[in-house]
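Handing you a structure now.
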């Protein structure tokens, strides 16, 4: 039985329809990631699940029971906000214990134990007496997660929890969350993000949203390898999949060819020719941006460093078995 | 002749010495990136160059002339702040034109032309009449850059301009800045960042700062391939270089072996053994985190997808020619 | 019964009242508490009106200014019968001032009338007599002031009085007008008499003082400001109430022992005489009192000759009982009172009886007209003409 | 590093401090003069001095010997404190509703509340008097506490509403998820974050209640229930026209010192950012 | 900006099923507003209604309850005399009232203007970093902490022409030739009142502006410095526009207060026609003169004037009513 089930859920703010009918099942213990372009309704959907926002129509079920009208605290959820949303005037300990204290029926000792357990899990035990402002961004976000953990929720909701952190911290905290998921494997987690890497590395399944509707749901590899539409193909993976249309696509008997940067090779006998716009060397690998007469530059990933002169011409070939072909409606031809 | 020259520049706030004697030359038209851990003095150094802060001792030269006492507006610089620092009550156009209007001697028409040229360059022409709060983060940052461009500066200063943007925008704006540098090739740019990728892709030269002193200056590839210290080695590149100490290092007759994730191969006859902690699949490649009895997990990068069970044992080998060896003082042994 | 009496009296006055109440309690067994009020009379008046309008039963006895009785007449108990026995012991003018129609609204506690304070030493030094007319006063003041200034006493002025736009100016101006034989603004029968030649002459005389013998600032002076200037030795003459007498004889007063009092000067022309505005305080019983009998008893007690005598001795307040001016004990305690008996002969009441509820507004119109005249804002004749029309409108 | 540069900086510094000193002198001088006057007695009062010449505590003694000044002080403290507590309580809860819950006619309600502070105090005196007598609280401190809400409440509601509007939504939502009721959100989450606003409005309301004269005069009729402004007006000299300047100044100093102390204690809290660290800055 | 000010329907389409959370919040909101509304209705509503009612009657303080309805007579009455002359009576035909209106408006304008300017200067000074800022901040607040009736008396003492220290100071510094009777002379009475009021309430203004100033991000000034903006220009082009919201709220409360000014004038220059304001004149009619109904009419007119001003101000100034709700 699904932990969470959404049946034709709709949401409008005034006259604006934001969620236009979503059906979705999230299984118990699953890690579900919502991705989609800005404004597509990811946060709104998460907030509908949390109960912070009312559903306009449709049904929402937790463990088979309709929860449409239940308050957030009664749904057994916990939420981690993009902006931490810590209580600035409470110490880390108080922040984490607040929800439990309000719940009644927990002894002081029991609360302490649960807070400390969560704190140990996230390695923030030594900060328990500090105020949020005395912590770094990463530590704050861990406190926010810790606060959610202590509530011992059945469902864990994250809204872009890492987007305020710098690159190094983002990586570290991402790994933290993955470990958490492994440890708390009967807790359902729903996670909203913009970031491809987070989506790919964390998700059991990814739900791609577009304009208030579900575009595709599947495991990261399914989406990466077998996108259901040109939209999903372009959305999953970093750098973005290159799309080649026109004559070059006709050669593959489709209207658009999609090929990822890592599946192209620069070689003298490449079937396509492009002018180098710009090269980026990242050390481990490098990206070459090519002008191939398409709307956007085509990016080719190259192991190690390269040094192509801007303006010079190079030839590339897609790896035939890695090509995605799309028809005019943007659907894949398989 | 260097565009900017710092001679034994020091800065203290009260009794705290923040910049402890920096000598640095930035050439005309060069793109210089400052990196370093938080609090090392990157922003302070940038602000000294801008003239927003006074130098405590030492000399600062622009084109050979001492500018120690010159006000910011007379140094011919422009600055882009991490927090955008747009005037919230002015439209984009007014924001960009404000500095020019005050400068006198520019006709209305001339100002309009310059603003529009900059706006075109950054593709923000259609937003000229909006207020900053009506723009998304990426658009705001482009306005901030545009404002700097219209001033037609000799020196361009950036303080972590991208750190408030989300991943996708960060990539797009990064490329924007790179193009800008190519187009305005006689303008000197100094750029502060935390982000490896930005540093590697944008810089002509990178200056690694540590605790108020310059640790190493060089091109990205110099730093990536031939770091002058274990500090620089660990700081440049993403994911971080793995450091292996103890017995395993002694085998290479050094105190610490540094090896990047992309320079290790998982193979049955690998010389080191490690327990898999966690695997991350990014589609194009994947990271395997191994516990090898070191302080931190060792990360191995692997092309394509992998599927190692957490807890299983694997063997890896570093690519011999990619090994960095460091002595006890943290200096490289070459 | 338990009574409460409201009083705007001041420090020692309250103490005295308390001691009287103690005697009263001993005699009658009624317990009385005092509710003190701010000494600002207009604050008091506003409060009393509001309380009475709302039928406030918390206050039984009010201490009232002479001019209030007619305005609040409806809400006070008629004391005529109760007072009938002793009525003829008191100055008739005082009783008259508290009588509205046929009703005695309040019974007197003490009376008050101003006098001319003059510097004995300076008059002697310059060989001058105490002036008896305003013209003399002006000339004497002018001469002494100029002579003194020539000697280096640059701060000195000739005459200070109460010139601020407030009730005090009404008193002052009424004295000028009346002393010139110009009537009482509104006569007892209700005719508006103020617009006459004598009154114009009186105000013109007064206007001529400002900036010559009196400082320009006199237009903002009340009793205290005038006393301040006087007491520092910076004025030759002053018009003030008896309270200034004791204070001017204080140890730190520059004028101590060097001054005396006389009736205010007379005006000129037909009917000219010295005149002094009648002041003083009274006791009235609230209609809403739940112990009216006891309250009346209290009011009568406080205005009795015995009480007035103690008041005269301890508080130096002028009694309304005529016989007390010959009383030796009183004169021994406050010798200056002898001088006031003469002043009382010329006491003139403010027109509160004929104007009734409108008195305050009448007074306000009057002092405004006078203040305008003094500050050179229109001539006396013009201002009085307008005043007549305004009064006519108000009282028609 | 030229000489003129330093000179310019110096001039700017000197000018700035001159401005600071000017502001302080203007603000404090009358109070200083009041203190000076309160130490004078008799005719000395009418003499102008810039520095203390005589020093006499007689005025202070008279303040405490006349009437029931200590009692009045206590009354004032009680009335002002309860008024502030009540106003803050009502205003905090009301401003939560006004700033955080979406409902019809909110703007109209805010306008109505503002309208209450548009009517002149003297004009409501008679009507208020009726209400107070009807409620049977005439001549008790409660009459004043009740009457003072007329000017403390609109102000506190408005200011607190503006402040509460700016508190981050995320923190409130976090509390909702934690299971907090609106009451818990207000008392345990918002109140601690609003110290600057609470202190600012609390101080304003306290001072307004502390200084109020007209209502206090009208609604209390005994020394035991009156507050200090009335007590000051009741201070009197020996006779009717005599204004006891020295004593009034002494009383004023006594009345003002607690307020100055209060301001000194709280001024640090008046302006500061307490939400720091809670949400991404 | 005033998107849903006065009575505009908020969320057009209410959610079909109101959740427990929303119900709880709305219930709480009602519960929270109720005590305040009751308190205000009792403490202000009834007295206001009474005053307005009295303004349409012939009430006097001697006979409040026997008041009879006379319509607009207290406001304006047109009477035709037997002689055929038409005369106008009532508050609106009373030159003293119009004088008071003019005084009030004049007073409110100048006092709030100067308080704003000086408050801004003080706030800017307090906003700067310098040693001893805490003490200066406390010192600044002293005028505001002194009871009005005391400070009014203090100033009337200091402004006295004979023993007032200000005249003495003026003479010593050579600013004055002769002592001026500040509160007595009609030419200077208003000035005196203004000076005292400005002295007293500038701290209030400064405090609220300071709070606004602290909200302006610092980095904008650095951007301006790099743009080479002169400090004076920085103030007018950046500080002023950004501090405007805080300023608007401060000004509205100050103007409301200034239009109702009573106690200061009552103590300082009680009877001077040059400073008599609407509140003072209506107090006079209510309690000193026998014109309770007319006084009520004057209070009502004052209320109307303030209300009109407020609505205009909020409308023209685009004061934001809307909450940051969820």
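For reference, chains read A, B, C, D and E in written order, and residue numbers begin at 1 within each chain.
Following the convention adopted for this analysis, a contact is a pair of C-beta atoms (placed from the backbone, for glycine too) under 8 Å apart; a residue touches a chain by one contact, two chains touch by 3 or more.
This is a predicted model, so every value here is computed, not measured.
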Length of the shortest touching-chain route, subunit C through to subunit E: 1
A-E or B-E - the one linked by more C-beta pairs in contact: B-E
Most remote chain, CA-based centroid, reference being subunit B: C
Rounded Å distance, subunit A centre to subunit E centre (Cα mean): 55
Centroid distance [mean C-alpha coordinates] between subunit C and subunit B, Å: 90
Subunit C and subunit D: spacing of chain centres that average the CA atoms, whole Å: 40
Subunit D and subunit E, separation of their C-alpha mean positions in angstrom: 16
Residues of subunit D engaged with two or more neighbouring chains: 45-47, 125-126, 130, 173, 176, 233
Shared-contact residues (touching 2 or more other chains) in subunit A: 52, 71-72, 74
Multi-chain contact residues (two or more partners), subunit C: 50, 53-54, 228, 232
Subunit E contact footprint on subunit C (complex, rising order): 42, 45-46, 49-50, 52-54, 71-72, 74-75, 163-166, 215-221, 225, 228-229, 232, 234, 357-358, 360-361, 364, 367-368, 375, 377
Subunit D-touching residues of subunit C, taken from the complex the two chains share: 4, 6, 9-14, 33, 35-40, 43, 47, 50, 53-54, 56, 58-59, 222-224, 227-228, 231-232, 240-241, 243-244, 246-247, 250-254
Subunit C-touching residues of subunit D, taken from the complex the two chains share: 41-47, 66-67, 125-126, 129-130, 133, 138-139, 217-218, 221-223, 230, 233-234, 236-244
Touch list for subunit B against partner subunit E, complex: 50, 52, 71-74, 77-79, 81, 83, 85-89, 98-99, 102-103, 147, 151
Residues on subunit A engaged by subunit B in the complex (per definition of touch): 38, 136, 163, 166-168, 171, 175, 178-179, 182, 194-197, 200-201, 220-221, 224, 236-239, 260-262, 278, 280-285, 289, 301, 303, 305, 310
